[in-house]
Amino acid sequence: MKKPRLAVDLGPNLILKNPVVTASGTFGFGLEYAPFGDLAALGAVVIKSVTRHPRRGNPPPRLVETPAGVLNSIGLENPGVEKVVKEILPALRATGKVTVIGSVAGETVEEYVEVACRLAEAGVAALELNLSCPNVKAGTLFGHDPLLAAQVTRAVREALGDDFPFLVKLGVVGNDFLAVARAAVEAGATGLSLINTLPGLAVDVKRRKLLLGHGTGGLSGPAIKPVALWAVWRAHRELQVPIIGMGGVVSVEDVLAFLLCGARAVAVGSGTLAFPRLAWELVEGLEQALAKEGVEDVRELIGMVAEK
Amino acid sequence: MKKPRLAVDLGPNLILKNPVVTASGTFGFGLEYAPFGDLAALGAVVIKSVTRHPRRGNPPPRLVETPAGVLNSIGLENPGVEKVVKEILPALRATGKVTVIGSVAGETVEEYVEVACRLAEAGVAALELNLSCPNVKAGTLFGHDPLLAAQVTRAVREALGDDFPFLVKLGVVGNDFLAVARAAVEAGATGLSLINTLPGLAVDVKRRKLLLGHGTGGLSGPAIKPVALWAVWRAHRELQVPIIGMGGVVSVEDVLAFLLCGARAVAVGSGTLAFPRLAWELVEGLEQALAKEGVEDVRELIGMVAEK
Amino acid sequence: MIHEAEILSQRRLAPDIYRLELFAPRVAEQAQPGQFLMVRTSISLDPFLRRPLSVNAVDRRRGAVVLLYRVVGRGTRLLAERKLGKRLNVVGPLGRSFTVPLSGPVVLVAGGLGIAPLFFLAEVCRQRGNEVILFYGARSQEELVLRRELEDMGVKVFLATDDGSLGERGTVVELLKKKGLPPAAPVYAAGPPPMLKALAGTLKDMGREAEFSLEERMGCGVGACRGCAVKVREGENFVYRRVCTDGPVFKAGEVVWE
Amino acid sequence: MIHEAEILSQRRLAPDIYRLELFAPRVAEQAQPGQFLMVRTSISLDPFLRRPLSVNAVDRRRGAVVLLYRVVGRGTRLLAERKLGKRLNVVGPLGRSFTVPLSGPVVLVAGGLGIAPLFFLAEVCRQRGNEVILFYGARSQEELVLRRELEDMGVKVFLATDDGSLGERGTVVELLKKKGLPPAAPVYAAGPPPMLKALAGTLKDMGREAEFSLEERMGCGVGACRGCAVKVREGENFVYRRVCTDGPVFKAGEVVWE
């Protein structure tokens, strides 16, 4: 059997050796998972969202398990762009030829621009603008308003120049996410990352209080997979741009489903918490599945789901 | 131990003997579940959404199971308001003193008004306007636009008169549901039903096609519970109107969680599919739980969740 | 209608096929051939929904109800792992049963696990005194479960396998065409959709009436959720009927095959 | 780091407390007292996350690792139902272990299942020759599991129960205050947060250093998700540290109790 070709591109300037990447925030800065496998074997490592200054994050508890899902309110804990650029990215690069995608969060247009530029200069292959963190104050501000989304996207595009690939990451609850996505694409985003967690909460019924220290959180995991597939499928049909699809991926079937719905790459998030080697297993499993089905190039599948 | 008081009101003209009701579409027209318990023992039976003309619904498959959830695309199959009023409601009433809440769906303002009036005349205790069915063409039209939501709500309010209680039922994906909710309340809705299913889809990976006959569907069940609780909590804080909360209820703890978040009644949907006697069990379980905790009146709990 | 039924026995009849015996006297008493139970296979919220399984046999004296199933996914896999003595939560009996003439020969056509409801039907017909002819097909010999028991009860059994390991090589519909049917005997069938579709065509050509047991994904099992639609002819047009309460037994002629 | 570990034995020590022995030679070899494993308790997607459980003992010769746990929810309930011979997927050993002086007496303070990591610590200290004094509290006599084994290995055990059914009636912290501590002996503690908080206050008053094993809900267990935050003093201010990789063992003085 011939080895299927796994490489995919997310626009002209970002080619991944395979379509399996990690989801921001669930794989740390990559180093935490280096004991479990060769980071360079993954399509890309998308690192935790980074802000200008260090953030210590939200009070505990920060995680609750829900039916087939996880509710988190980490609150963008991260050491700040300075330390990421000076210490973490070099350490990550020292592990091998890892394709790194940076993730940028912020409260103002200027912060997005500054963090994006610093990460880009530090040599990441691409960026994700996280416009949809439900766990900090201004986290979903930009992702809920087409005008603001366009504004921040345009500013980042201008600062990074025409060629640097970056995706805009959106959630789908409480906003007209297609309108926001369209605005971001028109303002210069290379593509989209879909979906971020859904807003949610859990109640400590005994003590009559919200369970998470921060009150509300973001829902991820298999529970949200049907919604994520729908969002990817809708965005692919409407906008025909590169998409990293994510939400509840735990199996090769899930990866195939996202590709068929129009994702060019698929991110593994909460699944890694339950199965630390999942991303690697999916790369191997995908290769086997394609070989078995006689698919020579994974790109043949992208967007090929029929409606009936 | 004193028996706790279970009665709740959803506005001045709708008093339910207890806060456990059925969710539209998961309990048929009530009659289907009459073999399992006394329908009059429930807070209310919310019947399947009714349209002006009979609808035969979407092609099969209409149901797929997802992790801790159910994806459906029934497509509002119903026999039309004429038959519901002439045959079904009388049969339902013949089973005992059932509190019936009608559910109205439509494609135009006129259709909503007509169906609402016919059901109200037929003696239902209250109505739900389903502005959020993801499974038919114009299903979410009214629920995605504050102006249209206000328009249909105002028309129904004018037709029904000032005193007739009705709630507007909304989903939370792809729209600014709080803006829509506010518009509907300002236009005369008594309160809100939250939440309808989240849009979703499933893929038949082998055949490379969407699994549901209709393509996309609506996600319900325990998987969506954290999102539903969040939506109820947000709407209660922002709008302080009567809310029927729903989404993934399967236990007394879930009922308490919705009440604490601000729901005045709680609807049992997909849970009934898995546990046909669930609604009755929750009424009994709620009474016991309150007695055990020394809560004399269930209304003491409504909205009482603390943030920290 | 809801029963906490103790598992009396569970036997593997073929690599993926299990027969499970429950203690459920009320079900045993009421169930008719063609009816089914909604079985809760998991104790967690995943899988969430019940699984429909036909009543395969009853032993009224012992209060026992038998299910026959193939492990195809998560629900049935969990079922196969359930241990003796544990309780299974089942709802039923549900759905409309087969309608059978009081006397005369009847023809049964089973594809694979379609034997589940037809075994029960064969048993009841034999008790009543009907002559029973069964065309029974499966992938291979080992999957032709319960054929001995059927022969022992006096059913005239014709076998077909895809691989030719027992009976005729080929489909059960081809076998039926080859052997022919006794005149005027009504036909009862259950099996995978492609088989039923082919059989419907053949029977139509032969001008035969038949009752088919259909399958569709189910939510409630009691007619409330409208999840189990099957396309049925109505004049020039069509409507959707519920497999759970309008069926699972339908007239072959009314089903619209896609 | 990921192991498919066969279940060698599983014993119920008290109504809700189980001791589980796994065959995991690599873990047995590497694990140090205070470290934990992330255990996959379900085979479905619900419950979804792994559960952190301390290493309670190891038998390097037999390649065995022992876990001690209380059934408190769905995950631990599923674990208690796992059968001999089946495999359990575990990740570890994870986290930072206790630091122990090479000689001299050490004091252990266990509340309830806090005995899980401290039993292992006691064992290692005894093998090294440290004198070990254990204050051990639980709700009642039957929940004071493993006390015989501890006495047998030469640990000096002081017991307390909430109901007075064995040892002193009252909390283990009250007991410790009453009995007093040998001079300069370092203290190691594990147990429910209220006990640890009380103990921290007492030890501060006594001017004692201590290491506490903390618990928090965990996602990854490897330091990546930042889900397991614990508030830790930093100068005048505070930061969040990860229980999984910065701990689970922390200096008592640095923890900010809420």
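Order of writing sets the labels: A, B, C and D. Residues in every chain begin at 1.
The rule we apply is simple: contacts are C-beta pairs under 8 Å (C-beta built on N, C-alpha and C of every residue); 3 or more make two chains touch, one makes a residue touch a chain.
Just so it is clear, the model here is predicted, and its values are computed rather than measured.
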**OP:** Select, from A-D and B-D, the pair of chains that is joined by more C-beta pairs in contact.
**Re:** A-D
Original post:
Can you give the whole-Å distance between the Cα centres of chain C and chain D?
Top reply: 54
Subject >> Rounded Å distance between chain A and chain B, as computed from the means of their C-alpha atoms >> reply: 34
Original post:
Which whole number of Å gives the spacing of the CA centres of chain A and chain D?
Top reply: 36
Subject >> Inter-centroid spacing, chain D versus chain B (mean Cα positions, whole Å) >> reply: 47
Original post:
Multi-chain contacts in chain A: which residues touch at least two other chains?
Top reply: 67-69, 221-222
Original post:
If you look at chain D, which of its residues touch at least two other chains?
Top reply: 45-47
**OP:** Considering only which chains touch which, label the overall pattern as line, ring, star, complete or other.
**Re:** complete
Subject >> Residue ranges of chain A in contact with chain C within the complex >> reply: 67-68, 222
Subject >> Interface residues, chain A side, partner chain D - complex >> reply: 25-28, 32-33, 35-36, 48, 56-65, 67-70, 72, 74, 77, 221-222, 250, 270, 272-274, 276-277
Original post:
Which residues, counting only chain D, touch chain B once they are in their complex?
Top reply: 45-46
**OP:** Over in the complex, which chain A residues touch chain B? Could you list them?
**Re:** 66-69, 71, 144, 172-178, 198-203, 205, 207-210, 213, 215-217, 219, 221-227, 229-230, 233, 248, 253, 256-257, 260-261, 301, 304-308
Original post:
For the complex, which residues does chain D have touching chain A?
Top reply: 1-2, 40, 45-50, 91, 216-220, 222-231, 239-240, 245
